[in-house]
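Here come two complexes built around subunit A, the first alongside subunit B, the second alongside subunit C.
Moving on, here comes the complex of A and B:
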């Protein structure tokens, strides 16, 4: 069989999938780009061409800059915490002890929960009148009085980050655990014999095996965290005083609550662009790490 | 191989079967309601059951969403070209729904009997530009609920008649150590806070708009926000109010942790139910207070109506369903969580029995209902105001500055 026939056949086999992808991803994307240059309303008027008006309006509004920094802060802190927690949990679950299988199973649970359920649970935990967190902290004498966690700008975003970490660190742990199992035992044993301490064993023997897979987890989590919507929408709706409003919530408000499909589309495309830049940067980084590891 | 082809065919037949029309002419209506305040989900289901029993050729699919999702869900379903035949809508949306053709004009279907029988205030819920876009269904305003036992212990003879008096009474309760923070409100960044704010605007004689331009930053509108901020800073208001919705207020009140609470009609019978409430039998209700020299009582128009969507393929059946749901017979039967729109119901013993105090209060409150602004850009105005109120409460801006910014961002 010749190479050209193989290539042709491969394309032929992929054709149905490509057609579907163009229909469900390509076409809406093109249409969104078209919308972003109009003043279209969600219901009613189809809108007129307005050039780059929507983009300049969105990029220069104080809402956008404030929301961008909130989102960035949320993404950086929550992803960093998830990476650290995930690796620590994976190291723990890679040890041999009784009940390990049960614990490994339990660890997946938060990640398997729908985000809305997770958000509702945490809202109950943070409840200012009868929440578990307030009860626990007062009984431990860490705070004197019940307080409002989601109602204060100083704590609301932090509270959201904790809830997001609890849900998403298992994914990192799962990926790290799989990578840990690929570390050859004789190498760790040799390091032990050579007198390497726990930190040096982790840094020089184990981490090189983890780097590649962790990079994948980092890319996935950062993109997801940057697009965050549901957990915030359920827990604070962007409040108090817009201190937890993320970019996706801003897009939603613009496009759906205020029904300005045109400027909503431009904002959505700006977010897409930001995420794409992140993804490309990471992909390059992954390729480099993979290259240096082998 | 043959087996798998057989399975595929079977699957195709099965899927095809879903698209075959029913043998008899049955109409299915999709209706969107809210799962929050007013009529409970159980009430709506049993009302609907009674309707389908009387009209076996019509089926009604019910869907319930939280109030916060009702507007967006309605608009999105419309935008995608399908969805609901009947939708519940808030008094603040007809302007937008009419302008964007979400609801159909039903003026021709409103009979003279309806016009005569329904309370005049209720009609404002469904009207825009002189046309009718549905039937009013939930006639509601925020009342001042109080805990009779706590007031008695504090030696307070009668509930407050003015907002100033409310503060004084709360101070007495706080000073006597009966409660740390006696007043509960729903001040979360949501429409709920606008309803509380509107009640105060009506008390202070303010205006949201003047000649179509924002005017809430002046006079009564500014005084209303100043009252909220003062009450919050004085510590008489539960500080958690700024993350409360109506249901949170209800739970705090039912737990005996609030002496005063502003809430809708539905809290009266729920808080009086010993199954869930610790304050059953001690619930007092009066109209929201007034301001000396400006108003006797205050109230926000928090009514809601049922309308037929422009995309409905069965507008006649949909209207039939709405007629049934809003009929005096149906409303009188379910008058515990929401009061009827029909004037004569308020003298019907079947309605008033066991809730005489609520009915007496409702007569005063409903007559004083003050509207939120009527504009197609309501959502944007409301969002800007929500932010202004929260920033003032948190001390990030003075009420004057916050309201000025809101006026600039209102889109009007």
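Moving on, here comes the complex of A and C:
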């Protein structure tokens, strides 16, 4: 069969997928760009061309800068905690002990739990009047009075981060575990014979094997965390006093609650650009790590 | 080999118990809440185990009596099943030929890379035109419309999984069938698809899980029992003025059951799918 026919046939086979993708992703993205230069409302008026007005308005608003820093804080802290906890759990699951297979199996549970159910569960646990956290801490005499964990700006974001970590660190653990299982046993044995301590063995023998897969997990988790919407919406709706408002929630409010499609679109594109920059920076880093590890 | 130091062994078991408790405690509490009488849940000090297990909320939510909490719940359950089923079916139908094409003809692979790169896009970047588009088509608050939108998430992912699945099927087997005179679709039917069946099944399961989990588009594009999915129904319950927290927990348990069972039963396949993503990138 000739190469041209092969290529033509491949395109024909991809056509349905590509057509649908253009319809549900390509076109909406282009239209978001168009809308971002207009003052269109969500319903009704088509809007007039307003140039970069939406962008300057959004970028200079204090809402945006505050939301950006909240989102960054959420992403950095939760992803860092997930990485550390995930690697620690993987190191544990790579040891030999009775019940290991069962424990490995349990790790799938938080991952499989729907995000909204997870958010609801933690919302109930944090409940200011009847929540399990308040009950447990009071009964252990760690706090005197019940607190509104999600109702106070000082604790709401931290409470969200804990809930997010609980759901996501097991996935990092499973990815890290798969990488650990690929470390040849004779290499760790040789390092032991050479007198390398636990830390040095981890740093120089095991970490190079973990680096690649962990970088990929880090990239994917960071992108996810930066786009976060569901868990925050269900637990706090961005409150109290907007202290847990993420960029995605800000876009939702602008475009759907206030029905300002134009400025909402410009904000959405700013978020997209930030995520893209993040992803490209990371991809470069991943390539470097992968290069140095092998 | 690691020396079997007894202190180290105790440490390992202590950590294992801690990890198991961290994972299980919140889940166990969700279940306990669902079977505790409302009075126990409001008691101070909190009762950690019900005096008498009360499964009536399950019956209440699964009943279809009109205008009950059950009617809203079962409607959303049906919508979730319909949307996940339709979106998964469509995603697999699109992904099989596309994944095969990219696997056998790497020169068109860049188009799949572009499709996968859309993963970076936050759904908010598409949501306004999608809302206007669905509204124009009359597909707002409609399970077909929602299933169509879910393809933005499901199709790239399943295609990518299918592509790596086809990569592991030697093309020589297909070539042999074609030399014997089988056409492309015949070769697929006789050779490729039977060999790829496990990958197709895994991709489909992933797609179902993704659709079942989806919240943002469902929140935006559905408004009542005709199309509201489970995730939206549960968020409504959690955010509403429901005074019985046990009922919210029960809805959570029921919504979590299918994906958790899929997760446990398909563990091996799911983990290898997840980690191959992590390892191969």
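Throughout what follows, the second predicted complex is superposed on the first by the 274 of 294 C-alpha atoms of A that agree within 3 Å, B and C clash if a C-alpha of one lies under 4 Å from a C-alpha of the other, contacts with A are read in each partner's own complex, and residues count from 1 in each chain.
The definition used in the following text is that a residue touches a chain if its C-beta (ideal position, glycine included) is under 8 Å from a C-beta of that chain, and two chains touch if they have at least 3 such contacts.
The shown structure was predicted, so the numbers you read here are calculated from the model rather than taken from an experiment.
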Legend entry - Which superposed partner A:31 touches (first subunit B, second subunit C, both, neither): second
Legend entry - First, second, both or neither for A:128, with subunit B first and subunit C second: first
Inset, instruction - Examine A:253 and indicate which partner it touches, taking first as subunit B and second as subunit C; both and neither are also allowed. - result: first
Inset, instruction - Report for A:242: first if it touches subunit B alone, second if subunit C alone, otherwise both or neither. - result: first
Inset, instruction - Could you look at A:189 and tell me whether it touches subunit B, subunit C, both or neither (first, second, both, neither)? - result: second
Legend entry - Which of subunit B and subunit C A:150 touches, first, second, both or neither: first
Inset, instruction - Check whether A:41 is in contact with subunit B, with subunit C, with both or with neither, and answer first, second, both or neither. - result: first
Legend entry - subunit C versus subunit B, contacts on subunit A by residue: C
Inset, instruction - Give one of first, second, both or neither to describe whether A:115 is in contact with subunit B, with subunit C, with both, or with none. - result: second
Legend entry - Contact residues common to both interfaces of subunit A (with subunit B and with subunit C): 42-43, 129-130, 237, 256
Inset, instruction - Going by the contact rule at the top, pick out the subunit B residues touching subunit A in the complex. - result: 68, 71-72, 75-76, 78-79, 96, 99-102, 188-190, 239-240, 242-243, 248, 251-252, 255, 257, 377, 379-380, 383, 386-387, 390-391, 394, 396, 411
Inset, instruction - Going by the contact rule at the top, pick out the subunit A residues touching subunit C in the complex. - result: 6-7, 9-11, 13-14, 16-18, 20-21, 24-25, 27-29, 31-32, 35, 42-43, 89, 92, 95, 97, 99-100, 103, 105-117, 119-125, 127, 129-130, 132, 135, 138-139, 166, 170-171, 174-175, 177-179, 182, 189, 192, 212-213, 216-217, 223, 226-227, 229-230, 233-234, 237, 247-248, 251-252, 255-256, 261, 264-265, 268-269, 271-272, 275-276, 279, 286
Inset, instruction - Enumerate the contact residues on subunit C facing subunit A in the complex. - result: 1-2, 9, 12-13, 15-16, 19-20, 22-24, 26-27, 29-30, 33, 41-42, 44-46, 48, 93-95, 97-98, 100-102, 104-105, 107-108, 111-112, 115, 118-133, 135, 148-149, 151-152, 155-156, 159, 184, 209, 212-213, 215-216, 219-220, 230-231, 234-235, 237-239, 245, 248-249, 251-252, 255-256, 259-260, 262-264, 267, 270-271, 274-275, 277-279, 281
Legend entry - Interfacial residue positions of subunit A with respect to subunit B in the complex: 41-44, 128-130, 148, 150-153, 236-242, 253, 256-259
